[in-house]
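Every chain is named by a letter (A, B, C and D) in the order it is written, and numbering of its residues begins at 1.
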C-alpha cells in the first residue's frame, strides 16, 4: 500500500529567493516536488547536490517542482541570507530557495529536523499526494533519481478532497 | 497508441562474449533491453557510452538486460574479436557483447544498418513488447535514461501470443 | 635582463587567517611567493584556482610560500571576514589568507588594484628578488605553473642589501 | 654529482608511427626526451598517461621531445601494430610512437625490461646528457612533471664529444 509512505511535513521558511511567492507544500499538492537541502559553504553541496538539482530542473522542466532549502546547522553567521543571495547569483541557481527557519537557540533548523535530514546535501522527493518517497543524504546516482522521478510523475494526481462544510454539506470539487 | 513504436529488428551477431548463450531479441521478449552500440577504439564510447552502460547494469540489475554490440564500421582490421576480447577484459565489461555481423564487402555492419544508427556510441532501448523506445547517438543524460528505463520497467509484460497450429488449433499459452 | 620584471607591490591586508603573523612581501624577500587572489563566492576560484593553490602547496612544500588573498570586488556584504573564515574551514584551506583592504567607497580592493588583476581567480608568482614573474587571470595549466616555479626556486637568493647609515657607513650584512 | 644518474638504455623498436624516421636516443642526445610507455588497451594509459603526454607536447613544444612507446606485455594478439595505428588515429596522438620489440618467446618487451618499468603507463624523462632523471609508474602530478622538465630544459647541452681517431688524433667537433 502506498499509504505507508510518510506525509511530508510542511516547510518552515523565513524567506524565499528566486520567487515572489511563498511556496508551501500544501499549495504544491498535486506536484512532484524535489527539495535540495544544502548549505552554501558545504563543498559537497556545491560540487554535487546543487548541480544535480539544476540537472533535474533542466531534464524534467514543468513535470517536477525543484526547491532549494538553505538548512544551515553550523557557521550561522557565515551563511546569512545576504551571503546566500550573492551565492545564488554567482552560481546561477534559478529555482526558488527558502531559508530554513530556526527556533531560538537551536542550531538545527526546523525543517531539517522535521525531515530528520542526516546532513547536507540531502535530496528529498515528495509525490503528488504529499508523501516522502525519497530522502537521501550525500551523493545519489542520476540514473536512480531519474527513475524515481519518472515513476512519481506518472502517478495520478490525487482526487481533490471535498471541502465539506459541516453546516451545509460537501460541494463537488471544481 | 504505443503500437506506433517501431519493432526492434533482430540482432545479427557473429560471436558473443561474456555469455555462453546466443541471446536474441526474440528470446528476450518480455524484458527491457538496453543495447550499447560501440567500437572499442571510439574515444567517446570508452569515456561515456560504455561507462553509462555499466552504470545502467549496476543501477537496474535484473530489471534491465544490458547488451553490448560491437558495431565496427571503420578500422576493421584493428578491432577484431581478438582485440575486443582483451578490451572487454581490461575495461572490466561483464555484460554480454555481440560482434555485429557484416555483409561481405560492406563496411557498415548489419545490425547497425537495421537500426539506422548514426554512429558510435549509440544507446538503443527496447521495451517488453520488442519495440524501439529510444535510439540516441552520442552522450545522453543519465537522468533522462533513468526516467525512460523506469517507465519501460513498469509497463506490463505482453501477453504471450498463442502458438497456433493451423491444423490443430490454438493451445492456451503455458 | 631580469631587472625588467616589475617589482611586486606590497600587500594591503586588513586581516589574516591561518597565521598568527602579519606576512609582508618585504619579510618574504628571498622566498618564491605564490598569491592566489580569489573571492569565496567565485565559482571558478572554488573549482580551479584554490585547488591549484592547494596542489602547489603540496607539491612544493617549503620551496614556495603560498598565500591566499581575498580580493572582494562585488557582493561585499556577502563575503565578510566572518563568512570567509567558515569558508576556509569547510574547504580545508590551510595556507595564510589575507583580506584585501579597501579604500572607503571604492569597490576594487587596494592590492587587486596595485597588481592590475583582471578578476578572480588570479595567480601571481613573485621571485626571490620581489619581482612579479607571473600574473595570470583564469585557469592556468599545471605543467606551466610547475615549470615557472621550478625555475624561480632555482634562482639564487639575492644578496641582502647593506643597511647603510648615511652618517656612519655600510655595515657588512649579518 | 649529476653523473650518478643512470644512462638511458637505447630503445629497441620494431616500427615507428607518426614519423618517417627512426628516432634513437643517440640521435636525440642534447634534447630533453619524454617517453610515455603505454599499452593501447590499458585504461589508465588512455585516461591519464597519454593525455598527460599530449599536454607535455602542447605546453613545452620544441623544448621537449615526446615519444610514445607501445610496450605490450599482455594480450599480444590484441594489440598489434595494425590495431595501434587505428588507436593513434582515433585518439589523435601525433607524437612519434615506437613499438617496443620482443625477444622470441618473452612476454615482456625489450625496452620495458631495459628500463625496469613496473607497468603501464610509465613516464620516463631523459636529460640532455642521455641520463634517466625520472622513471615513474602510474599517475604523476602535472606540477611535479612541469618542474622536472623546466629544470632539465635549463641544463646546458653537453659538449659534443671529440670523435677521436686513434691513428690520427682528435678533430675539433664541428
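Everything that follows uses one rule, which is that a residue touches a chain if its C-beta (ideal position, glycine included) is under 8 Å from a C-beta of that chain, and two chains touch if they have at least 3 such contacts.
Small disclaimer: the values here were computed from a predicted structure and weren't measured.
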Joint neighbours of chain C and chain A, given as chain labels: none
Most widely separated chain from chain D, with each centre as the mean of CA atoms: A
Separation of chain B from chain C, taking each centre as the mean of its C-alpha atoms, in whole Å: 56
Rounded Å distance, chain A centre to chain B centre (Cα mean): 37
Intercentroid distance (Cα basis), chain D paired with chain B, Å: 41
Touching two or more other chains - residue numbers and ranges from chain C: none
Graph class of chain-chain contacts, one of line, ring, star, complete, other: ring
Residue ranges of chain A in contact with chain C within the complex: 41-43, 46-47, 74-75, 77-80, 82-87, 89-91
Chain C - residues contacting chain D, complex: 55-56, 59-60, 141-151, 153-154
